[in-house]
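Some structures are shown below for you to check.
Each of the next two complexes has subunit A plus one other chain: subunit B in the first, subunit C in the second.
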Partner chain A sequence: MAKPLPLAQRLPTRRVRILTGIFLAALLAFFGLDLNLGDLIPRDSGFRLVLEFFGAAFTPAFTYQSSTGLPEGTSPFLFKVGRGLWTTLTYAIAAMSLSLIGGMALGLLASASFWERRHPLWAVLRWAVRLLIAAMRSVHELLLALVFLATLGITPAAAVLAIAIPYSGTLAKVFSEMLDESPREAADALSYLGANPLQVFLIGRLPRAFPDIAAYSFYRFECAVRSSAVMGFFGFTTIGLYLRQSFENLHYREVWSYLYALIIVVLILEVWSSQLRRRFVA
Partner chain B sequence: MSDRYAQVEVLHRARPRSRLIRWSALLAIACSALVWFASEISFADMFSTKRLGHLDRFITNDMLPSKLRGESFSWGGLGDWCAEQFQLNGARAMFATLCISVLAIVLAAVAGAMLGAFGARNLMSAHPFLPHATVGHGDCSHGLDRVAQFTRFVCILLRAVPEYIWAYLLLAMLGTSAWPAVLALAIHNAGILGRLAGETIENLPSQPLRALSMTGGTRRDVAVVGIFPMALGRYLLYFFYRFETCVREATVLGMLGVVSLGYFVIEARAHGQYSTMLFLIFLGGMLVMLADVVSDIARRWLQKGI
Partner chain C sequence: MVHLGGAPVLRGVDLEVGSGERVALLGPSGAGKTTLLRAINGVIVPRSGSVEVQGTALRNLDQRRLRQIRSRIGFVHQDHSLVANLRVLHNVVAGRLGRRGFWSSLRDVVRTSKTDLVEVHRILERVGIGDKLFQRTDSLSGGQQQRVALARALFQQPTILLADEPVASVDPTRSRDILDLMTELAEEEGWTLVASIHDLALAREFFPRVIGLRNGEVFFDGPADALTPKMVTELYSLDGLDNAGKLDGEGASKEQDG
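Showing the complex of A and B:
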């Protein structure tokens, strides 16, 4: 009969090793960045700012925080919030409608299930598309926006395109994975009945993945709203621009109004998407 | 034959339908149409002659390193220039970006695990995992469901604000160090991972957890002995998936003034060194692709079970 190993030798399981590795990496990163735990505590002016800023959270502004220096005929504050929000949403919707088309097309071409039952040489095209997708995803939308600003100057379409390129890549990657993971029984049955590869894919495979695809698209739309809000930091007229201006003018209550507006939009999208998902699953 | 078609017709009409889905789809299409035809977004303006002229000058002149403009361009020269730029700032920027994202994602994962445990409705009930029949007065929930509700709400709050805005606000409070970037990424991702962890816990098979509970395990015992090992694999999948987005996000947070890739990109732009700017953006892309591959390998490895 084999003697059981002493406890100390049995302990480092695979799980323990993974977790240790992760925490060691974090420790290395901590020292690599020359970080100092003391810097986490805000000092004098920073501390006052923290108090003032978080104090303002309970009293978000509904009108301009100071009326001095406002030009005659300025529209009311809430109107400004609404306009910022609307621009943010228009950028997000435009970017998302582009990326859904691009993501769907590239996602089909990148999925293994689309090329099933076809000549193996098509795999070359599939890998080329996958490489293209990886490249599209690799550059952040803000960096792309910066490149567009340098080459074409500021124009709303540049922000939309900057968001749409990496988002198409991400959607394409996830769509292709979802298509490949969808149940394949129906597709096989169609294939045995003599359907051609395109019919098999469009009727047997695609509809099974559709609920997942719709749910993920909805989540990406939420991300697009955030990305387009941040575009405001580069001069586009989304909510980020107004938020930054208010913060620089020390109007923290206005900053909180913008933050709450953004949070409410995300909350609405969250409730909406969970309701949709429930309908899809049922 | 016609009889069978009639049957198909009946089945088709009896298919599950939802008004919400239909209206949502309609609304999506209507909104897209509205945005493309009745807003300031116009590709005609983006590619107007004036802007294309600008683009032309950029490609033929601004884009090239000043040493290599005109006659003296050679691929070898470009290679030397790239190596020089990489040594100057590129390597440092990539290293800082990687460190920021690693530290941030680990902090986020720890916080997210906590948020997930407190947000899971099956764990946060008066008698976790016990069937109602065995519990005498099961409707007294100690307000724990409220805790779960609140935790979920906090998760949404954390992730509703973009990383970039978190970093911008934190930078003003903490001053310049890498902390604002690390914390901003950690806060946003803790919200996302917290929600994913909560869902993971709620979807765990309940029999082993019930067994632990019925043999006298407290809520903490069940969490440590049952939930932790069972949920870890899936949670790590999400961890690596978020890690790759973290690296992507970390490249840009530097634009606010923290030392990551974005900082050097902004610097180069301010000095009109567009060639350096493009090269650094390219390096960022390489880093993200590398993180992508690492995360892909890790997830594939994890899917075999841990």
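Showing the complex of A and C:
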């Protein structure tokens, strides 16, 4: 008799157990929240608002929806959209620049491949960095913004820091995983030629992970644009501020202008990043 | 004796390779060819016995000294040994990493000096792919990539070249060209060449000395002509291989020189 295949026998039951677990967790969440599909149908006043709001989507505003109450010398509406967009982008760029530096530095230190061929005691530092990264990721930028608003007031630094801290953590985590998953054969070959651990890592390993790192950074920049827009809800002068004001004034056509402006920015980023990606991969 | 995991991979291997010699390692897969090559450049340290390279014993060397010795030993692998998405130029320049400080090696890759550029181009011309200098390495064919690996070795200026199945991933017609080039370069540069080859005919054609490994032991060591068909059949026969898993650490331990 051939030996039994322990792995093959165990696999299905284990898979079933995991799937059952996920399903049970979903059930628990649904009943715990007392979810009711009927809640998704808006009531009379809500229904009218929905019609009005989505109706405005077909006629976004190009000028202010109502000129009453506008102070003398107010710049044109489209100018305001542009200014909001520009501020949103500058917040995102500033936050992303900091995050790239922090994410790269922490990502290197958190990756196993960086510490290969070094003294095992360095693992202590690596785990400390991983702990730090986890802490940075665990608080959402909006919560951090609340904290920084209370301590720093409405300064751009507060919003930028609030975005940069969790973003650095996320980038560091993902970068470190990309580095560790990149092919290692070429790096080994360099160590065979007498290269030191840092040379092996920077020249043999990092370049292989670079296309993925660049693509992911682009995606995170897109997220940073969204986060920076939302920062406007706290009073920072990004597009979110104007969006909220228009919404509160029931100027839905203006709201849609802002939303379309954001969509266009994300589309432009998408085209740009896919072009760059093609260059890296080809 | 060299162990990997529990069972010894090499036992009682006692070899001496003279300077400038060209040696082919033959034997079925799992015979210990790769392990022997890795022992020669100190990637694997035998549990018992010793490896000496040019009079220096590799045991108990600190990392710095070991890197110094490795910088004089070129290594050509079967495949995947080049950084695929770097240019050919940068892969060749990486040959000298073992002798470069950190900052100068970084500059080599970011902004190669004019003299190095000229030298790399000359070397690439020598291996027949001078026009590929600025191409991305993964855009080259398998045979061309092995030429880049040889160019890297040339730029490294070693005294020994180890090659682990250098033509196993290259199509048969190109294999001869690559081995032709490799042995020619070894002669020109005075390299000691040790290569594992699984094609018997190629080993005979290009290497004056053949070492047959079987089950981690030297089965044959001598001039290629002395290898009889009967010995070859025995070398690759499956008899005895089944015992490989049962070998324990009690086998005879001998000194090994590389």
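Everything below uses one rule, namely that the second predicted complex is superposed on the first by the 258 of 282 C-alpha atoms of A that agree within 3 Å, B and C clash if a C-alpha of one lies under 4 Å from a C-alpha of the other, contacts with A are read in each partner's own complex, and residues count from 1 in each chain.
The criterion applied here is as follows: a contact is a pair of C-beta atoms (placed from the backbone, for glycine too) under 8 Å apart; a residue touches a chain by one contact, two chains touch by 3 or more.
Everything numeric in this text was worked out from a predicted model, so none of it was measured.
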*Putting subunit B and subunit C onto subunit A via the overlay, clash or fit?*
clash
_After superposing on the shared chain, does subunit C or subunit B touch more subunit A residues?_
B
*With the two complexes superposed on chain A, say which partner A:A189 touches: subunit B (first), subunit C (second), both, or neither.*
second
*Mind working out whether A:I263 is in touch with subunit B, subunit C, both or neither, as first, second, both or neither?*
first
*Of all the subunit A residues, which ones make contact with subunit B and with subunit C?*
280
*Which residues of subunit C touch subunit A in their complex?*
41, 43, 63, 66-75, 77, 79-86, 90, 94-95, 97-100, 102, 105-106, 109, 152, 156
*Could you please specify the touching residues of subunit A with respect to subunit B in the complex?*
14-15, 18, 22-23, 25-26, 28-30, 32-36, 39-40, 42-43, 46, 49-50, 53, 90-91, 93-94, 96-97, 134-135, 137-140, 142-143, 146-147, 150-153, 155-158, 160-161, 226-227, 229-230, 233, 240, 243-244, 247, 259, 262-263, 266-267, 270, 272, 275-276, 279-280, 282
*subunit A-facing residues of subunit B, complex*: 16, 18, 20-21, 24, 31-32, 35-36, 39-43, 45-47, 51, 54-55, 58-59, 62, 95-96, 98-100, 102-103, 106-107, 109, 156-157, 159-162, 164-165, 168-169, 172-175, 177-179, 182, 229, 232, 236, 239, 248-249, 251-252, 255, 262, 265, 269, 274, 277-278, 281, 284-286, 288-289, 292, 306
*Which part of subunit A faces subunit C closely enough to touch in the complex?*
183, 185-186, 188-196, 198-199, 202-204, 207-208, 210-211, 280
